[in-house]
Amino acid sequence: MLLTYLADNALRILFLAQQHAELVLISVGISTVLGIGLALLSESAPRLRQALLSVSGTFLTIPSFALFALMIPILGLGVAPTIVALAIYGIFPILRNTVTGLEGVDAAVIDAAKGVGMGGGRRMLTVVLPLAWPIILNGIRTATIMLVATAAIGAVVRGPGLGELIFRGLARIGGANALNEALSGVIGVVLVALVLDLLFILIAKMTTLRGLHV
Amino acid sequence: MSSVIIARRSVSSDRASVGILPAIVAALVVGVFVYIRVIPLDSIEARSLEVPLILNAVWEHIQLVLVSTLLTITIGVPLGVALTRKGARRIGGLILVGANAGQAIPSIGVLVLLAILFGVGFWMAVIALLVYALLPVLRNTMVGIQQVDRAVIDAGRGMGMSTRQILSTIELPLSIPVMLAGIRVALILNVGVATLAAFTNAGGLGSIISAGIALNRMPVLLVGSVLTIALALSIDWLAGIAERLLRPRGI
Amino acid sequence: MSDQPGCGPDTMIFLDRVSKRYPDQPHDAVASLSMEIKRGEFVVLVGPSGCGKTTTLRMMNRLVEPSDGRIWIDGKDVTHVDVDHLRRGIGYVIQQIGLLPHLTIAENVSLVPKLLGTNKVKRLRRADELLDMVGLEPSTFAARYPRQLSGGQQQRVGVARALAADPPIMLMDEPFGAVDPIAREKLQMEFLSLQRQIRKTIVLVTHDIDEALLLGDRIAIFGEGSRLAQFDTPLKILTNPADDFVRDFVGAGAAVRRLSLLTVGDVIDRSTPLQDYLQSTVDIHPEESVHRALEQVLAAHAQGIAVTLPGADVRFIALQDLLMAAAQPTVATS
């Protein structure tokens, strides 16, 4: 049953899965810029940094349906509200890991960089960020996996992706293909998460400085 | 999702939020009620925003969250304890790995699949919430017990405590903080997933939001969303206070 | 116990050819070890890491179950008795202390009496007594929680807890190992004087030979594979090491350490009658250590030291002879 359904709708499901992945990656991209940016901006303001962590963390307690819905009056239906809502959820894990990563850089290394005459910006780009990168990347990965699941709810604001299949199944409860649609939506989401997770493992391998490999 | 919420706790400064959060929540709720009094409502909006209707939705939401969280604790804590006992530890590890992978399943998926397979309504939604929130409670119970300082257990054995006495006087009290953290996460997840329960006819604040979307009435949508956020913040706030009160002294 | 040849009325703990084998390990952690510990004796188990000393200690209260052999305590074979009951009658102190962080100091100290069913009033009174005994003011400390105490204070509580049910035996696994050196020395001295009052049978594990020499009535030096290289008094171990292993383990400072163990009285036969009070500007009691006597002589730039014996007889020991006491250990073995 499921297999026939999958075979008949393979193209459509693959298209939705691709949309789903793109949607998540774009949102995570925005979260990453915001997360790392806010961490860097609050470098010398620990109380601001604490407040940012607190606020972005509190966003996680907000039910996703409510946040998605709140985007409608501002951004209407479709891709834009979905991306904005997802990006908001994604900030916290990235911000937190960036802060942890930056704070974890050995003070002696920073001192040494100062000692050889590196300026603040250069120090950050060539020494501090590369050293903190594995932790930051892990935060991005966590955010991504979380958003893959959350993005399924984006369908309530006509967002793209596999959520559509789940909601179609819901709308046709009792109908012949309800279970197949919902199930392929759910399995699709899990597979997208798996693929992106593998992608991150690969990225981590490729972008971590050689000396940091354990 | 739950692992991220757990991480949140380590940074959100509870002390600050204790003062600020109730003020934010009060402002949201008052704002909403003033808003629906002030703006002109058409007949559809007026009907969707009658106060008893709203209060009923809030109450349904709270019921969903409370019942499912209580069931989650009732099942998750004893099961977690059992899985840390000698002989069950390997199964426990496997269950954790499986459950962790299960986190990738979207909550709406669990809810919809259960609805399609077994029907809709309050109790089916409770089961979906329970399935989804069991992981953090189960995991934190197990982690909580596993992280108890081996030296304290060794001292307990050395002074002649039986396995049961070690569980009741050492392992359980010392794992309470971690367990409570897991329960708080379950609570947060349940508030969120309960919003989606509106899609399977289980009521709650989600029904106001989805009515707002379906009828294309922004005031309805706004009231539903803002009240949902206010409820979520209050429950998290209360859970934070309970967490601090229930934590054994000295830890 | 009549069927136990190595076990007399004075015997408190008797290990009869005990072994411990762990699966997947080529060698026995402890191999057929026999050991007799007398009532009221302070025995220190010492040796390099991995020699099986801790395993041996933990077999005495069966935190490690022996694979072979039998354990006798106070004339009874306890190899197969109810283990929780056995442990309630044996005090146990570990390096990590293991206080229950969610219980107050008083509650921690009264845990074993509680397990034994002593009523609360008695328990708390006993806790106060014990805190006093280990030098912690009950009114200050009883209601505190462990993390409010320093490491040294916590270990005092650990000792008090082990003494709570007044067990005849105390097992101590590196009890002073986690404490900073200054506090450690203080704790050791206080514990020694406490032991002089309470006269428990104590078995203590350490890797620190100096601690062993300071504390033990007898010292069991473990070699590789739980071989009992020597089990004797500190002085005998310093003066007559059984083999090269013991000599190496005791180390280079043996001669100087011996000076701390010998009293002036022990070397009195090297003395001459005091000829002339001008001969010495310093004097010392015969029960002080030779080490101390040397210190005084050197500090005063004296030729030697006067010793007043009980019969008011005053003797003189020359600096030379004090030093010889260290070099030629054959004198005075009590």
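When the chains are written out, they are named A, B and C in that same order, and each has its own residue count from 1.
Following the convention adopted for this analysis, contacts are C-beta pairs under 8 Å (C-beta built on N, C-alpha and C of every residue); 3 or more make two chains touch, one makes a residue touch a chain.
Predicted model only: the values in this text are computed from it and were never measured.
Shown here, the protein chains touch in a chain-like sequence that does not close on itself.
Taking the mean of all protein Cα atoms as the centre, the chain whose own Cα mean lies nearest is B.
Annotation: 60 Å between the Cα-based centres of chain A and chain C. Chain geometry summary: the mean Cα position of chain A and that of chain B are 22 Å apart.
Note on chain placement: the centre of chain B and the centre of chain C lie 55 Å apart, centres being C-alpha means. Only residues 1, 3-5, 7-8, 11-13, 16-17, 103-110, 112-113, 115-117, 120, 188, 191-196, 199-200, 205-206, 209-210, 212-213, 218, 221-222, 224-226, 228-229, 232-233, 236 of chain B touch chain A when the two sit together in their complex. The touching residues of chain B, when paired with chain C in their complex, are 149, 151-162, 165, 169-170, 173-174, 248-251. Across the complex, chain B is touched by residues 61, 63, 83-89, 92, 94, 96-104, 111-112, 115, 145-147, 158, 161-162, 171 of chain C. Taken together, the chain A residues at the contact with chain B in this complex read 50, 53-54, 57-58, 60-67, 69-70, 72-73, 92-93, 96, 142-143, 145-146, 148-150, 152-153, 156-157, 163, 166-167, 169-170, 173, 178-179, 182-183, 185-186, 189-190, 193-194.
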